[in-house]
């Protein structure tokens, strides 16, 4: 997994960023709002929850707002977008032969360890995204581009949180010292 | 003037196709930029690779310029587009939690989708964790309801915060992004003696 | 010299230039937004589609089902002398504060703008359209016309007929006292006023349901 050779195959980040910026603008122009991701995962999770324990969903005001009674949590643009993201990611990977069952992990740890931390990180991400009412795609990118104060504060908090902890968990990612 | 009412123009199915298309573009660009790889994402926090910073801020700056130029030319009504409302402290605390989740998990929600789409097992574990986290929030939100709904400031934008014109803030944001590219690059060279492997 | 044509430097320069020019060009205010909208909506003014007869306004006032908002955009002095009982006074420059409220109006929402003649009200109409595109109309002939029809002869008000021929934005009915909304004409009793024929122009808007909001 030589980083340098991988790099040659990926787009220049400035170009990728510029294209993403154009897409984000088109999203605002055509639909009136930006991009999103965590909201979609959230709604799918709630939809499943609604199938399994509908009475519980109806009783919680937070859940009921999305899926109470007849309300279908999946009838929302962000769910469609999340599906699109997966298809698009797959298409890009397929085109470049990057669709492969494997685990990306830092050189100092095993895949198993990586899985455990990925799961743990995912839990925090899922929880944090709901608390912040968005994730890096929705809040930071979209909210940031249209100058929302909350989005910028959020963005800096994410970077701060990541950088603050990075040194302590460097074994997860850094090559051997 | 944009934005237009999508459902009225294209019908519900049509509008859903548009969202699928937008999502497709989003996922495609993310994967093409290497964001399906957790190692590249995490490398940002060690200054080893500045991909995340560059893609994010370039995207924000480009989108921002396009949005406000379109607004200036009467093509798009800024008042009609969705600006994420501000709940200041839940946003900051949630952001900190997500920062920790980012460095532990190696993904953010959007990139994890791309990772799963290319069959990366660590992405799958992350997404599973994400679902658990989301459900956990749903079950416990009752206890933190007051906090979750605190510090609501509505549609609060940077120009209002600083008392500056939109155009001035846009310019300052561009300057900030460029300064960050330069600054982070300088730190990177300091630590590793090289710039981003291009 | 090479450094100058480095693509990164050029890119950065381009972004700064784009932002700089944008800052100088500025964002549109309500008057400019109206200018962008005018081709599509100006005909409503030209063909008098949004000017409603005082009798129609009276009907709206007495209609219990609609959500009626009457904006009176005249100055305080005229407001204090006479204004419609169900109206609220607002200066043109404060119209932007109404955006949220106007967006929140239901399908049954109707907005009517009122001034002495039609001059100020028409300007307000344009700005409200640029602000939120509400279901908004203008009182035809303004307060002067209203009082011609519903003004009564009494001690406080020397009833005359104000000429509508040369509208100059002034209140041309003589009042001995400033009565505000206490005058009988501020809320005419629809059962007592003479019947008046008019062309109905107010239509209720169908609110389109959007496929979900932000999150």
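For reference, chains read A, B and C in written order, and residue numbers begin at 1 within each chain.
What we mean here is this: contacts are C-beta pairs under 8 Å (C-beta built on N, C-alpha and C of every residue); 3 or more make two chains touch, one makes a residue touch a chain.
The shown structure was predicted, so the numbers you read here are calculated from the model rather than taken from an experiment.
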{"item": "Centrality ranking, top chain (CA atoms only)", "value": "B"}
{"item": "A-B or B-C, whichever has more C-beta pairs in contact", "value": "A-B"}
{"item": "Between chain A and chain C, centroid-to-centroid distance (C-alpha), Å", "value": "45"}
{"item": "Computed distance of Cα centres, chain B from chain A, in Å", "value": "9"}
{"item": "Length of the line joining the C-alpha centres of chain B and chain C, rounded to whole Å", "value": "39"}
{"item": "Touching two or more other chains - residue numbers and ranges from chain A", "value": "14, 33, 77-78, 133-134, 138"}
{"item": "Chain C residues counted as touching two or more neighbouring chains", "value": "211, 213-214"}
{"item": "Multi-chain contact sites of chain B, meaning residues that touch two or more partners", "value": "6, 15-16, 61-62, 78, 82, 84-85, 166, 170, 173"}
{"item": "Complex contacts: residues of chain B adjacent to chain A", "value": "2-4, 6, 15-16, 18-34, 36-40, 42-46, 48-51, 54-64, 66-67, 70, 75-76, 78, 80-88, 90-110, 112-123, 125-139, 141-142, 148, 153, 155-161, 166, 169-170, 173, 196-198"}
{"item": "Touching residues (chain side chain B, partner chain C) in the complex", "value": "1, 5-8, 12, 15-16, 61-62, 65, 68-69, 71-72, 74, 77-79, 82, 84-85, 165-168, 170-171, 173-175, 177-178, 181"}
{"item": "Complex contact set, residues of chain C against chain B", "value": "12, 15-16, 18-20, 22-28, 32-33, 35-37, 99, 131-132, 208-211, 213-214"}
{"item": "Chain B contact footprint on chain A (complex, rising order)", "value": "1, 3-4, 6-7, 10-14, 16-35, 37-38, 41-42, 45-46, 49, 60, 62-63, 77-78, 80-93, 96, 98-106, 111, 114-166, 169-170, 172-174"}
